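One chain, chain A, links the two complexes that follow: it is found with chain B in the first and with chain C in the second.
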Partner chain A sequence: MEKRVHAAAIWLLMLLHGAAFAQGERTRDKMYQPIVGAGCFRRLNGTHQTGCSSTHAGSVGVLHLINVEADLEFLLASPPSPPYAPMIPPHLFTRRNLLRLIEAGPSNISVVLLINKPEKMKQFSHELNCPNQYSSLNNSETCDASNPATSWNPWGTGLLHEDFPFPIYYIADTEEISKLEKCFLKFNNFNYETHALRSLCAIEVKSFMSAAVSSEVCIRRTRFINNLSGSKYCDPLEGRNVYATVYPRNVSSVEAEETELAITSEKFILVTCRLDTASMFDGVGLGAMDSLVGLSILTQVAHLLRELLPPQSSLPDNRRNVLFVTFNGESYDYIGSQRFVYDVERFAFPKSSARRNLITFDNIEFMLDIGTLDDIANIKLHALSGTPLAQKLLQQLNNYAQSPRYGFNLNIQSEMSYHIPPTSAQSFLRRDPKFPALILNAKPANKYYHSIYDDADNVVFNYGNTSQDFTLLPDVGDTKNFKADSLQMKVRNVSSIVAMALYETLTGKEYTGSKVANPVLADEFFYCFLLSADCPLFKAASYPGSPKGLPMPPMRYVSVLGGPQESSGWTYRVLGYLLSQKQPKIPKDNCTILPLHYFAGFNGVGECRLTTQNYSSALSPAFLIDDYDWRSGNYSTWTESTWSLFSARIFLRPSNVHQVTTLSVGIVVLIVSFCVVYIISSRSEVLFEDLPASNAALFG
Partner chain B sequence: MDFSKAPNPRKLQLCRTYFYAGFALLPFVWAINVCWCFEEAFRKPPFPEQSQIKRFVIYSAVGTLLWIVALIAWIIIFQTNRTAWGATADYMSFMIPLGSA
Partner chain C sequence: MTLPEFFGCTFIAFGPPFALFVFTIANDPLRIIILIAAAFFWLLSLLLSSLLWFAMIPLRDVLAFGVFFSVVFQECFRYIIYRILRSTEQGLQAVAEDTRVTDNKHILSYVSGLGFGIISGMFALVNVLADMSGPGTMGLQSGTELFFVTSAAQALSIILLHTFWSVIFFNACDTNNYLHIAYVVGSHLFVSLLTLLNASELYTATLLTNYIITILTGLLAFRVAGGTSRSFKKFVTCQ
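Here is the complex of A and B:
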């Protein structure tokens, strides 16, 4: 009995102790501390690879904080304990510095960390000076990289198109940055001469990329029949264009599916813009100024025209219509517009499943492309040559822009030359320089073009959160409390001007009403795309009661097949909602088959609407053509490498002396153990004297 | 089977079979033949079939050597030129390395 009491007491003691001191944490988790961030990855085109990759096992470097440019010198002039991982703030993340780090070689610099400390940053654009140069018009006048006055991205460093021998990891969160800094200060930032002799705080980044060389090579290897392991090396960049018309089109009859019957005499004004953006890091980059402003204007123009235009039958020419197209993947050599042109040329747009008559180039009256509008006071109408059409539209635009009645006070200039901005219209003009393409584009003023810092701050967006109905059109005097120089009002003004000019073109009559675009719609639009997808506009454009959007902005990178495609999905819903007609007589139960669609609407009560929107594929024709010549430069060839994981963690890397000692001790122990075993086995008869006869056979 | 315990004519027959089998592009069979019959051909006291066994072992050894030389040469040529040959080299490969040319 006493024994049991003793045992129970011991157990109790152990439990009590255990509760206080036991730690279930693994040694591995104690050694490493994960760092959250975004990685740079590898993209390939027909001839090159760009971006970054770690080594297969992960790249390790000793942390070194760079505060001023001189700090880099320490790393570049034979540092004591290489390889190092410099932590660079954005204002020092320049082309010159990065090229010096590349030159130092992977044995000195193994990882580069970009830390989010933008206080001293003046500019940050790593796109080329001439974006999409090789898929644009082949003319020296179009863009001259050496001349900032005529290049389209004068601040660009072109680092997006470099191939880095080390991974670059972007750390946005201030807590994560302070973790790194603390570790650096505690272990590394003193007595640099003894670095080689002591343990140092180091980071390990894993971002190994499977693809290499070029799209040609990785696509060939992926498609390769002998590929026993079934590994995929890269995927083509692929997304969806979203298009919609202001007037619904007739459903084509079944017999009309043959090409010749399906061609009609419809006439379209094509209004287009870019849907996507680009940046160096996975999942970061909103493209606020470089493409979202254009998209918001297109959306507003669409909504305004939908509200203002009379029924199609009462137009002077009732075959006319407006086709809005937002092209995806334009940042990567115009994927979306190249595919659109390819499809239209081959009588494949819209695709037959859409059950609408074909649209050919003969059906397109002219194209109005909305480019980047960095500074709305400096908008120009671009065209290759000064046609009467261009003159007329310019005069109409200026008529409204300068009219005292609306007080927009803008002056739209014109430039009729080969100096054409890098927008979707380039794909159309490349096919046929006589194509009637007009482009609205402002003088480049975006110092953060195609970067992680092209965000709400870059466009000075302050959410008004008015909770007002954004679908109603206000009078021109009603500014909804937005300041005249706010983003919302700028977008309102430009979209009203464009919509009024298009109204005049379609109806043949001057617009004399007082209704203009709603700044609240612009406000809600930017809130959804820049701050949170859980927002009133996205809610109104969804089915009632459908799950909320995520409380973060939708990703706007074109991505690959099976990627999130959030941006095109939301654009599809928003354009669908704003360009549709309410059908109050149709009950919810009958409102299930497209083009009828049931939306939540502004109040969330639900309404049936007649919609016109659809998707078309944005996959470059290069991946459809058999035996495509990858070096021809005809179509976009961008692919994205596959990878298995992105991760980063910090730990204390022992000194070289320490590591060599550990290894040597291990080897010595191994040798000693062999000797001991040999001695024991040679003297086994001493140890195992009376081996029973029955077992002797087994061992003998 | 313990080769050394087989009767001599059987040894000769096996050695001969292995030698001929090696011509079916099976250099490993020759290599095995050399290892297996070496003892009988060169170390054992003479017996009537020994000279024939000796001959097959030598021929097998020469074949193995030729194969080794040819294979090593091919591997060196292929590995040093793999990236330069591009698509052709890819079509000859079963395993393609990840993340490099």
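Here is the complex of A and C:
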């Protein structure tokens, strides 16, 4: 009896134990763990597809951590339980290794994970050696991919233009990486020979791309009359250029819509730069050095000219003006500048809704294009041929760059040849090699060109957070506590030089003042675009009391129609704010119709300003022309595939042995139970003998 | 769970009930109707238990509470279906083509028990199956690979147990054998609470106990339905 009580007590204890620990929990949550990251996606041009896609149901691979190059050999030499998903740190994410993984085939390598462990990384650029080679000047001297000394991106691997048969997933967060590593160590990283016999930690990446082959094919399929569901396979890369003038232009009368009437004798100096950047992964990539430095210099030059120049009427030639244009989509075969050239050629710029007189090529005096300025000690002024205009501007630039009064101590060299950097000016020179385009560009020194690592660290940006008024111009000696070799001071110096040279060109007089560009403005500008859109500069350039920017940098990829377009939106506001004139007499209520716009201003109290900025479309002309020949290479043909989701999760992949065992046990149970039940039911009268006679055939 | 695992588990859990259905139920429309009716009554009991669980907000996380009342409701509905079947016996006799159903009362209890069991096993397993679409198996954060097979075996034992319980229960109600009724309710409660131990992955302990009880209950049901050791001997030796 006592034993029974004991047994009952033990059972009771166990039940209580179970009751305390048993909680309702979804089985799925115990099996899968989501992994947050960014996916590589597919882009197409007129002839090819590039990027990656998973299989339709999602690609599954067994995790394998690659620490040294030799670890890859295990995966490439008939691994025991394929397919695998190597986790590769950036210093091993090289062209050679990736091509070997492609060669191993999707049956061996199904997913590639790039993990954010940049300690050993020396370089990381997957753009071509010659960016935008096929939409630049067709000349071997412009860029030679085989010769790193003269190519524009010597560290480029060109992987951005490869087509991968597996998805590539970038995992930036260290917590997510440690999840993966833990799982790999716990389940996979021992006894490699028995991989086939046990359950292994695996990852599933879903990033199926609906477009395939080329832009031509996917646009045709989207427009196909049988496409009744209306599904889209791809969208053209599309964004907005932002332009503004230093002097406001007259509003054209409504009647003057005839082109002949609208053409004027205005003269514009075009100052341009690139607005966008590119990277392999969706939503990551700031393009700090490859394009943001140029944009910051353009903004500073614009602001400085706005503050320094006398009224337009007092210029020696009062028809002169400066037109600042930031082109979008330049990373993808100069979408923005090609469209600009296309529009200007067809008398369609600015668009009629802007209600300004047309600008034609005859109105453009010359173009100063700000390219990539990786190393400001090595800036060169490029032009196709050594015209007097180029000589004069070079001499003006150097006059200020070397002047002891300002102490910039820079020397700007010149190169008058076909060795032209891959900047927006290429689109203009391609139309007309005689076009007066001058390009400021430094010797390439960016080892992270067009990559996820071209960030604040790459340009050595430390936020000063001075809280000072960035709209005031300081004296040249006032460095606002920024070190001489800081990014802020470099930008200040270059933009001051450019602005002073343009000042001299416009006024015909040498600049003798002591005011220079404000390093605080550069500081705030980089903070907004590299660290957080919730920042003083963006706040000042918005309507008072408008919602704050997100606490993350704006996305600078050109994207597609309906994309976020954050970067062009903020550039529009910032250029609008910095290039506008304060109208203290106009009250807030009357300040509603453009060009009048109400800004919060530095203090946030609000001020009415006369603005000049506007958008123009940055959609490649290839998508406007009927029956465009996609293979002609005249215009950018880049499209982006559509996709439904990016997701990744880790789990245990059962071994084949386990699956086969389960299935066989199930089949055996099924067959045995059929036999047993049949025998019992056919002979039930024997088994249940106590039944009445009529019930003998119980189970008949 | 992968496709082979899915079929393996399904065959384990539903292979034997399917065989029973094919050979003993499918050829008689009346039995099918009773099977479905029993399943419906089990669903009603599930509805009531879930309503109670839903209403008792502070006790939602205490699974033992829900399990206890679920068992109580199931046994109540077993009694209700017993009353209904007994009160409709006359009508059944009139419509039945095959009079064995009404002549042997154990057939009715067996059929309704199987209906109870199948639907209960389905609900036990389908919840697990529904979460299993995808390429993974159990064991990443906790649990073992054997989770699915265990669940399937558990579901099978519950299906068989329900069949046996109904046979015993109906007979006990007919003969006022309160000991048997107490055994049915008690073992049902015990088996259900036992599954809570699965949370601590004591699969061998729970499954083993479970199947011991299943066999014992099966033997009792065999006795109740008129089987003896002598008849079993005759059956085995093919006399």
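Criterion: the second predicted complex is superposed on the first by the 638 of 700 C-alpha atoms of A that agree within 3 Å, B and C clash if a C-alpha of one lies under 4 Å from a C-alpha of the other, contacts with A are read in each partner's own complex, and residues count from 1 in each chain.
Just so we're on the same page, a residue touches a chain if its C-beta (ideal position, glycine included) is under 8 Å from a C-beta of that chain, and two chains touch if they have at least 3 such contacts.
Computed from a prediction, not measured in an experiment: that's the story for all the values here.
In the superposition on chain A, A:N191 contacts neither chain B nor chain C. Touch counts on chain A: comparing chain C and chain B, the chain ahead is C. Of the two partner chains placed by superposition, only chain C is touched by A:A202; chain B is not. Once the two complexes are overlaid on the shared chain, A:S467 sits clear of chain B and of chain C alike.
Using the contact criterion defined above for the overlaid structures, shared-chain residue A:A211 touches chain B, although it does not reach chain C. In the superposed model, A:S353 makes contact with neither chain B nor chain C.
Residue ranges on chain B touching chain A, taken from their complex, read 86-87, 90-91, 93-96, 98-101. Chain C contributes residues 1-2, 4-5, 7-12, 15-16, 18-20, 22-24, 27, 60-64, 98-100, 103-104, 106-107, 127-128, 131-132, 134-143, 145, 147-149, 152, 193-194, 196-200, 202, 205, 225-228, 230-232, 234-235, 239 to its touches with chain A in the complex. By the touch criterion stated above, chain A contacts chain B in their complex at residues 53, 56, 208-213, 217, 220-221, 224, 226-229, 231, 233. Remark: chain A residues 14-15, 17-19, 21-24, 26-28, 30-33, 58, 60, 183, 199, 201-202, 204, 650-654, 658-667, 669-670, 673-674, 676-678, 681, 683, 686-692, 694-695, 697-700 touch chain C in the complex.
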